[in-house]
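First chain A sits with chain B, and in the next complex the same chain sits with chain C.
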Partner chain A sequence: MSSRRAPRGEYIETETGNKVARKATLLGTQNIMLGGKTVIQPEVLIRGDLIRTIQASTQSGAASNNTAVSIGRYCFLSRGCCLRPPGRLYKGAFTFMPLRMGDHVFVGPGSVVQAASIGSHVHIGTNVVVGEFAIIKDYVRILDGTVVPPNMVIPSFSIVAGQPARLIGEVPEGGHEAFELRGLYKTVGNNPQPAS
Partner chain B sequence: MSSKRHSILPPAPSGPKPPVHFSSSITIADSAVLTGTHSIAIHGESVVHPRARLDSLAGRITVGRRCVVHERATLGAVGVSGRVAESGAAVTLADYVTVEVGAAVEAGDTVIGEGTVVGVGAKVGAGAVIGKHCTLTPHTEIAAGEVLPDYTVVYSNGMRRTDKRGMAELKNKGLARQIDVLRRIIPSNPGKFA
Partner chain C sequence: MAVLTPYTFIQCPCSDSSTLGRPSDPNSSTITEADEDERTFDPRAPRSNFSLYPLEYLLYCEDCHQIRCPRCVSEEIVTYYCPNCLFEVPSSNLKSEGNRCTRSCFQCPICIGPLAVTSIETRPDPSLLAAPDNTAAPHSGPYALTCSYCNWSSTEIGIQFEKPNSIHAQLAKLRNGGSTRLTAKERKERRKDPAYRRYQATSSGEGESDQTENLDLETQFANLKAFYQNQLADPNSADTGLAALGDLGFSSPTSLSRIMSIYTGGSLQDRKAKSRLGAMREALKPDEGLQFAHLDESAAIETLRGEGHDGTASITQLVDQPPNLGEEHLHGRSRFISELRPIPYLLRTKRSKRCPVCRHIISKPEAKVQTTRFRIRLVAGSYIPSIAIRPLSLSATAGGGGSSASGATLPGALLEPLKPAHFLLTFKNPIFETIKVTLGAPAETPGRFASKVTVLCPVFEVDANTDVWDEALREGGATGGAGSGGGGEKGERRRGRYDEGSQANNGNQLEVGKIWERGRNWVSIVVEVVPASLRLDQGDAPLREDEDVLEIPLFVHVEWEGEAGGDDVLESVAAKDKGGEAREKRELAYWCVLGLGRIRK
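Take a look at the complex of A and B:
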């Protein structure tokens, strides 16, 4: 077939710089917010269809906010990871709650994230499970294979590992530059640049 | 012109289509995968999330009432032992069983008791019999043929303890509430598999 169209790349690149793999599964796309410059690799699954069914209070804005998953800038979702909003009983009824993610969050391959909130500059390793309603603050490193139990709160600048996750150390002084994902962002996409 | 572009190739054959026995009250997502040759039965008010996989190649699969099978979970995959069901029942889930994201329940007379939660990425080997109200935390592996007593919690790479909280009834009620919500937000398409 002859086509004047440019060959279809592996990624869809949006105006805001998001790179979303064609082979990623995004359910309920209208409820997923991407902040821009976010990479979503193939086989990633995001459950945007699990929306909040009970609104917190009617007085906090007339327009109901249905965002199920919100992702900041320069996040990197590796192959095979899964993001799903956490759910729980709230005032006697079950509801899902939104999953919020800050900027520069790296989610390793095969990880499953059901956190309530993840701060900025967080590194989640390979095959990590983040339990429901976990709260991860900024500059946190979660090592490979960790199981973060539900409702755990991980303070800033900590390194956690183990099943269940335990605090095993702190991010050293000046170590926060390793969380920067701008370089990684450039290395994927339809015309990737070599890592500098 | 429609905005969606469809492939001109015929859809790839995804294995044999199993005979199914669905209750009228189940919720099964369109993108769930059901393959195999033996029958798959799903009883009342159970929910099968998108991209869950039920494979009845090795024997019959039975899902009880009010079960939830999450995305990427596999029921009835033939494990490394290659064991298939001797009695014809590959995987049997009792009522109120939750199989979380990416968990695998291998085929071969595997039974999971009422109210049990199989955690994220956990693996239940062929022929294992899990008791009632057990909790398998994420990434636990139950060896083939193992028998787990009721109320066991398996955590932290195979440590065991008994759940003495007496929460079984409450957990079942909570699950029923969850199913109420899931039925509303997951578009169900049982007709696709019939």
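Take a look at the complex of A and C:
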């Protein structure tokens, strides 16, 4: 094919199938967990450097877990989006808490995500802001331009929109498959395949 | 103007009055076609608004072999839960507590964002108490509800709490401004209290002196209900009030029973009621539920002078407010944001769905709140072909724009009036049988502006959705030697087609009766449209909203042979010549609407 290709390939493709754009910024890579087959497009920013500074004292026995951002399989982080662990005061001191993301999560271009947790099969549109410590469950669709306030809980099968986000509909029974991102995964990378 | 992405909406048979409530009839297999041929479905008819759905919204009944939509299925609630704390609410609680969360889950009355409980003493930090380990927080009360989005605080309406938990119960005892009030239970007790009743009776007996008493909604309702029950029980209730209207009065028990007898049949007429003469009177005292309307609005005007327009609540804010049972009926008089209260979250539900005709369950989620699995989920998308629309630019393909025929045509680009445009319709077959698709479209679109429509290939077959394993294997990373046998071969063939795609398409001519492209379980065909000119003559009504959208009605008829389903109604059609396995012919027909784009004005 005659597609113009960057000499080294635009993406770094890892053993587990992650496709990470060379032009993406991943800070604190040792604290970023990728489940595999995840696409990270150019100009994406992941703040793995914002790790928890205070470990929960009760878990002192366990090896200190420094994961700042964990991402499941088949996630798609679009150009210019940002994942940033949420932070808060804990016993009088400020600390960041990890940001966890399930499988098949699409984050649209220019969106900023500071959630505590995002389930699986979640679609976040373009230029969305997900506030700190928001909890987004499975099969949720967040429409373009939505601002999800901090601490908001969005239950499964919700469609939310607006500033601040409000429930505007339910994901219909026949809409579950649309969250699947396997097909989209194939269309990017150094050897993209046409969408089927 | 928003960019229009092409869409396909499907019409559920429930909107068709001729098939309403009638299961598909096997002995008259062509009946739908014959019926439908006579009249073209008009997507712009007002009724169509309520019957067109995207494929994802449709379910399918396997017993009726028919599409079902959100409008015609009957729903049954499986679980009630709070969308904020995700706790399940037993349905028995609903009767006593209402349909809102009674824990500490509230929404902001100003912006609808979630409210968090924060300590007033320390600097408010909304995220603090939302965290699981908030019990370790060193500070203490009083507490307030604060919005993490607009920074509203319940202290603005003078409400603060002693404890950080069970906010709902605490809020029920507080008026805006901070004064306490009786809870529903206490008011109920009070109503039973003889001393209170005596007080009410005496005060109301003195006439005007009582106009100051405000009955809260619940008390007023209880009083009214008790009053009317007494009236109905008392055979000599004809005393004062509207007695003059006699039997003609709407409040007369005889006219009530007459109306009832009309609906229940004359023989059921209550003879006893006939002897009852006179009218029921209306409530005259507060203990009978009479509540004087407050017509004096000078206080509201005064507040408006002070607070201005910014102090008034918007309609959305007022609509979001739950009825405040602990206060008197405001009759829409609540207009200031200082009167708004935190909104307890409305509960949400998980619902199962039944076919309206055969009553079989066609969708049933698992009851647990946190699980997303379904026990039954018969979605139309796994039974009927999906239709994807893509603009086709013939000149662009010649320029070597790759296999994609969409070329230079931007998605959402305006359609030029009177200039032929082409669209690729891709039909994808979800079932494991080959389907035969027959399309029908009117030559001209209905409505004021008739665009010309030509389906270049109205009859074609789409291969079965068989080799899913092939795709799954390639998916798993095994590329080259994957899928041995037919599956792999097909996969290769398909990829080959893509590689040669550009050439193949260059050779592709718009030919009547030829399909444009085919794949494993899909077929693309071309539709040619000549958009109408939207020019209006003098005296014509102006262009209505979305009248510039080119929508074409398309009748889809799908035929296939399926395994005979035992006592199935379609058995009579089963083809006998297929040795061994009993096969039967199945078909499905429906209208859909293709939204192609906007025509340039």
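One rule holds for everything that comes next: the second predicted complex is superposed on the first by the 185 of 196 C-alpha atoms of A that agree within 3 Å, B and C clash if a C-alpha of one lies under 4 Å from a C-alpha of the other, contacts with A are read in each partner's own complex, and residues count from 1 in each chain.
Operating definition for what follows: contacts are C-beta pairs under 8 Å (C-beta built on N, C-alpha and C of every residue); 3 or more make two chains touch, one makes a residue touch a chain.
Bear in mind that the values here come from a model prediction, so they are computed numbers and not experimental data.
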Go through the superposed model and pick first if A:Leu89 touches only chain B, second if only chain C, both, or neither.
both
Have a look at where A:Val147 lands relative to chain B and chain C in the superposition and call it first, second, both or neither.
both
Name the contact category of A:Leu27: first (chain B only), second (chain C only), both, or neither.
first
Using the superposition on chain A described above, determine whether A:Ile51 touches chain B (first), chain C (second), both, or neither.
first
Looking at the overlay, does A:Val122 come into contact with chain B only (first), chain C only (second), both, or neither?
neither
More residues of chain A are touched by which chain, chain B or chain C?
C
Contact-wise, after the overlay, does A:Val112 reach chain B, chain C, both or neither (first, second, both, neither)?
first
Once the shared chain is lined up, is A:Pro164 touching chain B (first), chain C (second), both, or neither of them?
both
Overlap of chain C and chain B interfaces on chain A (superposed complexes):
89, 92, 131, 147, 164
Show which residues of chain A lie in contact with chain B when the two form their complex.
25, 27, 45, 47, 49-51, 53, 82, 84, 87, 89, 92-96, 110, 112, 127, 129, 131, 145, 147, 162-164
For the complex, give me every residue of chain A touching chain C.
1-2, 17, 56, 86, 88-92, 97, 131-133, 137-139, 147, 149-158, 164, 166-167, 172-178, 182, 193-194, 196
Would you tell me which residues of chain B are touching chain A in their complex?
31, 50-51, 71-72, 101-102, 119-121, 137-139, 155-157, 174, 177-178, 180-181, 184-186
Show me the residue ranges of chain C that touch chain A in the complex, using the header's touch definition.
55-59, 70, 81, 83-86, 111-114, 116, 125-128, 130-131, 133, 136, 138, 147-150, 348, 353, 363, 369-370, 372, 374, 377, 379-381, 400, 402-404, 475, 477, 498, 519
